[in-house]
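Next up: the structures, one after another.
One chain, subunit A, appears in both complexes that follow, with subunit B as partner in the first and subunit C in the second.
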Partner chain A sequence: MSSPLVTDPAAAAVPVQEVGPGTRSAWRTFLRQPSGLLAALVLVVMVLLAVFAPLIADEPGGTGADVLRAPSGGHWFGTDDLGQDIFAQVVWGTRTSLLIGVAASLIAIVLGTAIGLASAYFRRVDAIGTVVTDVMLALPTLPLMIMLAAIVSPSVWTLTVIIGVFAWPEVARLIRSQGLVVSAMPYIDGARVLGASGWRIVTREIMPAVVPLIVVSVLLTASRAVISEAGLSFLGLGDPDAWSWGRILLNAQRSGVVAIAWWQTLFPSLAILLLVLAATVAGMRFNDIRDPRRNGG
Partner chain B sequence: MARFVLNRALKAVLTIWIAITATFFLLRLLPGDPTTLMVEGDMTPEMRAALLKTYGLDQPLLEQYVSYLRELLHGNFGISFRQIQPVTDILLDRLPWTLLLAGVAFLLTIAVGIPIGVYAAAHRGRWPDKLLQGFGIGGHALFVPSVAMLLLVYLGAKLGWFPIGGAIDPDTRGAAAYLSLAHHLVLPVASLVLVQLGPYALTLRTNLIDVLGEDYIRAARARGLSGRRRLWKHALRNAILPALTLMGLQLGTLVGGAVLTETVFAYPGVGRLIYEAVGQRDYPVLQGAFIMLAITVVVANALTDLLYAVLNPRIRL
Partner chain C sequence: MSKSINGRARRWRAAVALGAAAALGLSGCGLNEDNGASGDGAAGDTVLRIGTTTDVSNFNPLQSLSKTDSWILNAMYPHLLRIDANAKKAPELAKDYTYENDGKTAVFHLRDDFTWTDGKPVVADDVKFSAESIMKYKLGNVAAKLTWVTSIEAPDATTVKFNLSQPYAPFAEGVGFWMSVVPKHVFEGAGDLSKFANDSNWVGAGPFVLESATKGQRYVMKRNDKYPLAPGGKPAVSKVEYRLYPDVNTMMLALRNGDIDLMGTPVPASAAKTFESDSKIKMTKVGALGFAHLTYNMNNKDLAKQEVRQALSMAIDTKSIISSVLQGDAQQMSGPISPIFADYDNTEIQPYPFDPAGAKAKLTAAGYKDGNGDGLFDGLELGVACDQSNANITRVVQLFRESAAKAGIKLENECVERNTFLSRTKDGKYDIDASQWGVFDNPMDQLRSTYLSSNPGGINYNLLKSPEIDQLINDAAGTTDPAAFATKIKNIDKVVHEQAYLTPLYVENFQFAYNASKFGGFEASPSDLLGMVTAYSLAQVKPVG
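Showing the complex of A and B:
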């Protein structure tokens, strides 16, 4: 599922600026804003949790004596109906969510950028590319992903591919609209007059101009991918061998403890909220820096 | 007018055909043998061959495709693997519930989103606007089942204001039945609206602010029209059409959200059916449900576009 975006925060394509602020000062501007700093901190903490999960908590499994305990000093996030520690589940779930989010987003970015750039420069590609993009955007993606995930046995990698393959149209649309602006610029005509091939113009002249937009897309696409993964896991299509936030919610739903054990639904929900919010805010702040005219607007 | 309608209808049919064709070939080219999903335990080669023959899976791919399309055109979505009955019957049982849920959520998001967007645009930069910006960005991060479970636990289980599952109390008749229907609809609809509303109203507000900068609004101001009149009569009229289109584009996401909401509230729509079919790996049902939802979304989108054309004075049909 694509997340409930009404608009992509970066979708309002803005004219390309000539020379952006240097990378170092862009980072400084980014981190100087409280929201940018906070978002970056949350993302860093999430990555650390994912990487060092085995050091922070034992992998949840089996059954424990403390069943359905409320959060306490021993079990920070309480326990589920099997006596497993929810904190450990959430920490281990961070791994799956981040991994799938980042990897799926990379697939979507590569596909979307290739299709978007080709559409922006080559008329013939554009005819087909736009139709395919429009069709994909018009269809309900979640039921489609559910169907495919149910056929192939769900694992971290199949989920990544399925989510990535259906997340590219948004990226392609964004990159194409920006690429069209760049393609119309005089320096592209110049390159053509000098005899540059279409391939060279697309990869060497147009692509660098859309790189900042690609960075923004990575963050926004990853946050959509995290929501998609949670949705699929919640419907029972997650990797049965990997913990995920959606799976914790599914367990609560299946064991019928939603109304009793609030901790089993609250903490994974907060984790999803925090990660997606941080990625979205980081993407938007980055977008602001990319185009100073939008600052304070 | 006729030409516009025809064009739009053709585009819708093309989209649906691509969806059907793509899923047909995807499902058959993917690794995984559907017959292994139908029978539990071991299967003799003869049993497998018989099953393949029953479902026509021993035919060449292209022939399967043609006969699949022919059957679809006759409204036949195949036979469910688990419940031995036509998928069409199962789907038609469930579809009205999803249409009701998604339709009410769709209209309510627009009805509530417009005033919020207008109010924020009118108070640009002040606290109602800032609040909407936060809600608009935060809305992207809301996970439908999380919101649904929160509502279920507090408004349903703890306070007991609303039922926590199902779509209607089967013992009610007449007016009481409608009341029960509406009562059961509140929490599932609220989950969908809460998730969609913020980003929607925020986009509306941004559109409206753009419109407010246009010349005709300045002209209206020069003529001495009040701010309120400029906003509600002149600007809103031009902002409301994109608002409609925008919501039309969200239909796919809305339907995805409905699948998740229905699962949480055991609401008997297509979404809950999908959840059940996933558990049973009943893939004719999954395929049928996807195609049915795709048709719904594409048709609703086409209708939204038509309404847009009828309402927009700049397009003379």
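Showing the complex of A and C:
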């Protein structure tokens, strides 16, 4: 039988050292770096835009008299060929992009972490898990996503699932490699000797040690998911009822105004760039502060 | 761990660099590597370069064709009739045609000065062979137009007689316009024509004939020195080169940069401004032979009700769609017969007015209720299917969805990728089909293919099975007296409008852009299928200066 009283001190000592500074001070270190602070700020602004979209701009719809107007005081980001406000489209597009980014990345993280941890600790699972992960990594993801998205009815949820299902292998591989290091540590042997079950060792002993890595993965996977969503929407495989940055670009391309209405492609592209850059920088900075070698620890 | 992340970062960086290098490399050696070549060649030859968006998928002119296929193949293989600028049939290979034997025999009289590029004359036997091959192997959409043919005779080199099982008023026009005439002496040795690729050693009798084809890049056609419909007996342009630009934005830039001289595909209404400031580029406007429409699936229990279909017709603001999506460049329709067929369009009928409140009242009267007070009728939820790649139709669906909600009708936007849309349409898996008919060359063929229960053209998107409509159409089809025929078509126009089997939306105008500083003399025909690149038009083109 497991004995938490005996295993906990050993378990607590090693992972905390591995993680680096405590959670609160980790965040403080993170926010002290200008790039980390800036990235976090951008992410916060994006989330606020998404949540409060209806208060910031009316949902784009109908037709307007000002067709293909360049950015001005009345239309900050200009208008499209129906006279709809591009700013409103970008703000409402933030919702879809963030929602798909976060939800798809959660799917990928749950699947990837489960498979990665199981592979790291259970040798038999590892044999199959590694092969499946390798096969998934070798698959040409984009064509497969395009094929699947074309077969199922396009909606925010089907896109999320498709992107999430194709994004887990990288997470699994990352988590597995870290899990392997942790599971070879003496405190895991200790836990095993004390009779802890496999489930307990994986969830209570190994998982806490890889949590920071999961946080990093969430950010990096989310940024990839945002790009995938924009790509699929641009190819006409997105949700036709939901505004997304990819769809704004698709509208510009389809109506042939790319050469005359730069604002219709610039602003959604900038939004994609900002979100992906912020998520990636935040992920990297977070990885840096929890890395003892970089912090001189 | 940082090693792993840094390693990943490095890999990412390497991948990005590789991707960028690949992209640069691709664009460098991209579609048209020898862009330096201008309209004028070395020996005073002139090359007309035309932009297109798709490759040729089939070089066999007797089979169903995509747009680029038909542009290139129609310039090689003559047709009996062509469609002129006023949407009327005009002579091409045939000088004229008559009906004999109470409309049961159609007789074409051919010109005697058409010549295949291998020197042999084009004769009635070629026409007979083409039609018989189409019937034998059931090739393309022309096979359906030859349904009534019992036998074909070629009594002399310039006369072809089609014997029909029953009179069918638009037979000669339909077959004359759609059927390509192929050289018998070349095609008869090919065996099964449904499997004949015809992808090399081309022999044609149109103004131009293919010389080389490079998939994904270009199709080069050389002049036929004996083409009687060109001024002076041969086209003024020595070569026509189709260049591939999969994206319309790139094609417009290519025209502005002088890489091409004519855009084969129309300029989108919203992008017409692109060329406003360019004095070299001119735009030519033509009408359409098809129209945009919403067609209701009669197998849906709600759409089977006339009131629901009428309410939907009242819930779309076509006028505002025309002014915004098409920048005013389209004509609103009322019934299923396009105003371009002025003789048959029933001008007494009026489009359903945009009246969401009226639509709501109609649905309430039909027994629909809004029990939960959300402004939408309970249980009335319909999907609108469309092809994502059609810019105008996707916008129409978007606006229709918004305006229908005001009438209490919940619509689901089901615009999907093109192939998915086509397979859904084929399987009848839609409630409302929003799409655009391409080319109807005569109203009778249109009504037959869109409303007959037997669905001979495969485009009865209503999945309508109405004995009344069948009877009306069959009755009109056998009417040879032109005035009586027109009256019957007008009546069907009215019945379909009252039943609201479809909501016809608009007939749009297409704009084609070309470099007027280099070429002139194009003879544009209506529709985006014909446009500026018909065989006749290319034969008339002259270099400027």
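FYI, the second predicted complex is superposed on the first by the 274 of 297 C-alpha atoms of A that agree within 3 Å, B and C clash if a C-alpha of one lies under 4 Å from a C-alpha of the other, contacts with A are read in each partner's own complex, and residues count from 1 in each chain.
Going forward, a contact is a pair of C-beta atoms (placed from the backbone, for glycine too) under 8 Å apart; a residue touches a chain by one contact, two chains touch by 3 or more.
Not measured: the values here are computed from a predicted model.
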Room on subunit A for both subunit B and subunit C (clash or fit): clash
Touching partner for A:Leu68 - first (subunit B), second (subunit C), both, neither: second
Subunit B versus subunit C as contact partner of A:Gly83, first or second or both or neither: second
Which of subunit B and subunit C A:Pro140 touches, first, second, both or neither: first
Subunit B versus subunit C as contact partner of A:Ala230, first or second or both or neither: first
Which superposed partner A:Gln253 touches (first subunit B, second subunit C, both, neither): both
Partner touching more residues of subunit A, whether subunit B or subunit C: B
Touched partner set for A:Trp262, first subunit B, second subunit C, both or neither: first
Touching partner for A:Val281 - first (subunit B), second (subunit C), both, neither: first
Partner chain in contact with A:Leu148 - subunit B first, subunit C second, else both or neither: first
First (subunit B), second (subunit C), both or neither touched by A:Leu41: neither
Stretch of subunit C, among 115-123, 223-231, 259-267 or 421-429, that runs into subunit B once the two complexes are superposed: 421-429
Overlapping contact positions on subunit A, where the subunit C interface meets the subunit B interface: 150-151, 153, 235-237, 253, 258-259, 284
Touching residues (chain side subunit C, partner subunit A) in the complex: 1-2, 4-5, 9, 247-249, 252-253, 267-268, 270-271, 273-274, 320-321, 323-325, 327, 388-389, 391, 394-395, 397-399, 401-402, 412-417, 419-420
For the subunit A and subunit B complex, residues of the former touching the latter: 1-7, 9, 12, 134-135, 137-144, 146-148, 150-153, 223, 227, 230-231, 234-237, 246, 249, 252-253, 258-259, 262, 265, 268-269, 272-274, 276-277, 280-281, 284
Residues of subunit A that touch subunit C when the two form their complex: 61-64, 67-68, 81-83, 149-151, 153-154, 174, 177-178, 181, 213, 216, 235-237, 240-241, 251, 253-260, 284, 287-288, 291, 293-294
Partner subunit A, residues of subunit B touching it in the complex: 14-15, 18-19, 23, 26-27, 30-32, 34, 137-146, 149-150, 152-153, 156-158, 164, 195-196, 199-200, 202-203, 206, 246, 249-253, 255-257, 259-260, 263-264, 274-275, 277-279, 281, 283, 286-287, 289-290, 293-294, 297-298, 301
